[in-house]
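As written, the chains take the letters A, B, C and D, and residue 1 is the first residue of each chain.
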Amino acid sequence: MGMNGVLRPGHAQIRVLDLEEGIHHYGKVLGLLETGRDKQGRVYFKAWDERDHNSVVLRQADRAGLDHFAFKVANKATLEKLDSDLRAYGVPTERIPAGEMLETGERVRFQIPSGHIFELYAEKKDVGNGMPYVNPEAWVPAAEHGIAPIRMDHCLLYGPDIEKVQKLLEEVLGFYVTEHVVLEDGKTDLAIFLSTSIKAHDIAFVRHPEPGKLHHISFLLDSWEKVLRAADLMSMARVSIDIGPTRHGITRGETIYAFDPSGNRFETFAGGYQTYPDCQPIKWTIDQVGPAIFYHDRKLNEAFLSVVT
Amino acid sequence: MGMNGVLRPGHAQIRVLDLEEGIHHYGKVLGLLETGRDKQGRVYFKAWDERDHNSVVLRQADRAGLDHFAFKVANKATLEKLDSDLRAYGVPTERIPAGEMLETGERVRFQIPSGHIFELYAEKKDVGNGMPYVNPEAWVPAAEHGIAPIRMDHCLLYGPDIEKVQKLLEEVLGFYVTEHVVLEDGKTDLAIFLSTSIKAHDIAFVRHPEPGKLHHISFLLDSWEKVLRAADLMSMARVSIDIGPTRHGITRGETIYAFDPSGNRFETFAGGYQTYPDCQPIKWTIDQVGPAIFYHDRKLNEAFLSVVT
Amino acid sequence: MGMNGVLRPGHAQIRVLDLEEGIHHYGKVLGLLETGRDKQGRVYFKAWDERDHNSVVLRQADRAGLDHFAFKVANKATLEKLDSDLRAYGVPTERIPAGEMLETGERVRFQIPSGHIFELYAEKKDVGNGMPYVNPEAWVPAAEHGIAPIRMDHCLLYGPDIEKVQKLLEEVLGFYVTEHVVLEDGKTDLAIFLSTSIKAHDIAFVRHPEPGKLHHISFLLDSWEKVLRAADLMSMARVSIDIGPTRHGITRGETIYAFDPSGNRFETFAGGYQTYPDCQPIKWTIDQVGPAIFYHDRKLNEAFLSVVT
Amino acid sequence: MGMNGVLRPGHAQIRVLDLEEGIHHYGKVLGLLETGRDKQGRVYFKAWDERDHNSVVLRQADRAGLDHFAFKVANKATLEKLDSDLRAYGVPTERIPAGEMLETGERVRFQIPSGHIFELYAEKKDVGNGMPYVNPEAWVPAAEHGIAPIRMDHCLLYGPDIEKVQKLLEEVLGFYVTEHVVLEDGKTDLAIFLSTSIKAHDIAFVRHPEPGKLHHISFLLDSWEKVLRAADLMSMARVSIDIGPTRHGITRGETIYAFDPSGNRFETFAGGYQTYPDCQPIKWTIDQVGPAIFYHDRKLNEAFLSVVT
């Protein structure tokens, strides 16, 4: 929750090449709960401990990637204000009517300079986390069905003009930079990590010539032991692991990168520090990008650099 | 960080009966880093991963307890606005000049209806977490000196009129309730847990006839394994453990309660869920206060109920 | 596996007051796998990662407790030799024919000086751990059904004449003492912990006037995080927890003690050191029996001392 | 401890190219405790929780590798018997007098068919684990100095004629095979893992044309969280990591492979199952050697296959 009223990453609409494979992956292997299918054929999922109706939406398409990434805002007044602020800033916005997505209110859609489609919305139906709001238990069996992340947490996007993205997110939406990687010139950022809360990142960008590309969607786990469990389950399901379990230097998170059947990278991670807008951003120089990304190996692997969808 | 600009619990000034014992406990056993002593004889500490100069201040006194609990706000303009808002709400405020506490800016002091002294401030010197802001490592040896919490996280206070406290914190300071325990009448809260961020609690209150009492100051650990390590170190140091390791029903945190040499209770904990202001509060009925507090034993112990300072 | 050919605790036959409650507890809550029922009405279970047909056998009876505790030995020749050695030592033995217990070979039964019935056997059918012996995965879903211990690990028995028990176990069966608690006289043992392997204990005894009593049967978990999970599941199932999660001073294991519906105490634990017969035993003096048993609280609780079945 | 009286891997004498670098690595980074230096210039180390005087001995030499690997046996009578058994089996033995290694009794030295030098000994001075044998604490600060393994655990050796090695270890020394990897012919083993205890391996061999080569010496950690800590410390010390943190399919252990400054590979690991001689060995077919070795990646890396010292 930022001071401008942007609460959190709310949902990601992901393109998959084969819907059945996608449903199997996100539902059985990753262990998200399917919450609905719409007339367009989209399939909706939520993580077990999320209370809103959906956080991942799969759409079958000819090429993999991310349709849009949406943030929930505090309420309708905030939605109106941010829409107005965006337009005042020079960003055209579009209204997607309530109900276009299942159990989701009106959305404000706009394109950011890196070419990605963002959305804001204020309403999504509270379907609960499987526990009552009175005298709940600590967790439910769904917390162990598949990898079973707690929530869809953030994404890393590839595209151009990330300094313009940063300015927009800071000045209009109230994000702040937590860490960044600087190129050889000592000035230009290769990568930026931004928060609208006390999370080390709610979203991140890497400079890339092609616009609108997805590096990964990330899902939060409870602990480093759950990261091991996730890696085990990926092996059992023959999921292609990119790297991990390992630690990031940036955010200090404990992580696995892997690929869904369509080639979209996803992350399951735990840990990472909490931060605040008064905290000085952490800078990584390009010669240390190895440990910045993969703290143990201290070097990037080929897939990390080349594969985006 | 709340939408009203209250960032986080910033520091707690704790009264100890014997300063040397207190310094040993908070410095060597708990493993906070001593950052200074002032002319009044107060001793300042910070947790290793905190960047601001201090979060725990010890003052020798005839009786144990909490002098005041302070929140850092986003900036000086926020401090002025909140001071003005408090006075407009009918809460008298006092200004404590910059420098009265080491490396700390001007503070706005006020009493809340439960009898506790709260403070707001915008400035405290960034002394870092022992790692550079350029190309840091993942952690430093101080992360293993003593129990070594990551930060001072929250406190639980006992006093009267907690419904008035809740109203003040919600309406002026921007907190929101995450969980509460309701008495037999189904209306009156025995306990309230409030957040000014996405933490399950930044502060909590239990209804109690005597004003201004401290139940515990809480310190965050990285993991359940660090909770075990903390319990081991407490045993080695002959710290009196109240309860734990165990889990709370409320917040789901993994916890130990124990006592400093002056009888002030402190908590070391890990885990707990993250939440947002759009999340419906969780309610506990009084017949389930056992599992609400101690999820495994499902009943309260005598010390938990009776000992406050 | 001891040098005399005693491999490990093989099975415990436990008396329960209500068979259905017992089946629910050991099968659904503890998460053992039911492997059969015999004509006598006994119900057989194994832990998921055990390969032999059974390790826990429930028998309905009027009072709770332990019928007998059995050790698997290396082979039939070892069984014959140990039987002969026992008789030469002056211990009468009895042969229980193969098949009296499901999938279990001939057993040699004898009473030890503390009044407990012990058995040795060489054969129990290998039913596997749910994974093939060629190219297995790392674990199976059964590893997460209920508390799901890895194996039945050891027991703690209460009775008289434990110095005679120790002598018998050392001289005939090849056990060795790893730790012991000495009474005020500095000579007499209150408790002895013995191993027939590199485990810190395969069995333990506490001096007690009444013969043949059971303190607890213990089940091994993978990690301290699984101990937390076990405590959570016990709370969800309203299992009565005696103490824990905590650590033992003796063996250093991480533990929970709790009760089955018939009042038989069971333990779920992880960790503990490994040891060898050349290692000097660790001695605890009676004034330190608190941290010896419960390392964090450093004192015994009432139930630990008084409840045996 | 095997039924033939071979207790455990006792010490490994390792050749390093630069003694000071080796001392820094094994002492400061790995965190073994230096226990002495002898007239030959060898430097002795033990892991914090080992009680015997040494388990790793460094010798400066022109090429890296393993001088010899030694097992402690139950007592002097066992040493004499095993020496006699070895000679009866056709293996020439040599006696190394007591005192040739610091605090170590007489050793029986012999070469195994893979070209490696093995030793047996019955005596090594008990210097303790830093805790008293009366009323100890759960651990000592040395448990957190550097990576701080619990013990030197096993080694993996490369050489020819591993079926002859297996036969010798089984028939004379009492080892048993726990797992093996079979080549395309379905008969010839590529790799064998053997235990003389209930550990999933006390030693392992991979078939390799060049005799007497070392793949890695392995050190045991307490938990998967300690494996993460080890990887972090390796990164901080710029240790070259081969692979990990990850899991092995064989033994299920959680592991990191890395290199000492001389290029000798070492492993830090946790977990893995316990087994017994009555357990059917697990077989891996050569097409599944990927998950057998690295369970998550499901393929071997280049370094694993090619680098031995």
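In this text, a residue touches a chain if its C-beta (ideal position, glycine included) is under 8 Å from a C-beta of that chain, and two chains touch if they have at least 3 such contacts.
All values reported here derive from a predicted model rather than from experimental measurement.
Trainee: Out of A-C and C-D, which chain pair has the most contact pairs?
Mentor: C-D
Trainee: Given that chain B and chain C are copies of one sequence and touch, is their interface built from the same residue numbers on both sides (over half shared) or different ones?
Mentor: Mostly the same residues form this interface, as more than half of the numbers used are common to both chains.
Trainee: With centres defined by CA atoms only, which chain is the most remote from chain D?
Mentor: Centroid comparison gives B as the farthest chain from chain D.
Trainee: Quick one: report the Å distance separating chain C from chain D, using the average Cα coordinate of each chain.
Mentor: Result: the chain centres lie 31 Å from each other.
Trainee: What whole-Å value do you get for the distance between chain B and chain C if each is reduced to the mean of its CA atoms?
Mentor: Their C-alpha centroids are separated by 43 Å.
Trainee: Hey, how far is the Cα centre of chain A from the one of chain C, in Å?
Mentor: 48
Trainee: Chain A: which residues touch two or more other chains?
Mentor: Chain A, residues with two or more chain partners: 137-139, 223-225, 232, 235, 247, 291, 295.
Trainee: Which residues of chain C touch chain A once you look at their complex with the stated criterion?
Mentor: So the residues of chain C in touch with chain A come to 137-139, 144, 223, 225, 232, 235-236.
Trainee: Give the list of chain A residues in touch with chain D in this complex.
Mentor: 224-225, 228, 231-232, 234-235, 238, 241, 244-247, 254, 256, 291, 295-298
Trainee: Chain A touches which residues of chain B in the complex?
Mentor: 1-3, 5, 7-8, 49, 51, 72, 74-75, 126, 133-139, 150, 197-199, 222-224, 247, 249, 252, 271, 273-274, 276-285, 288, 291-292, 295
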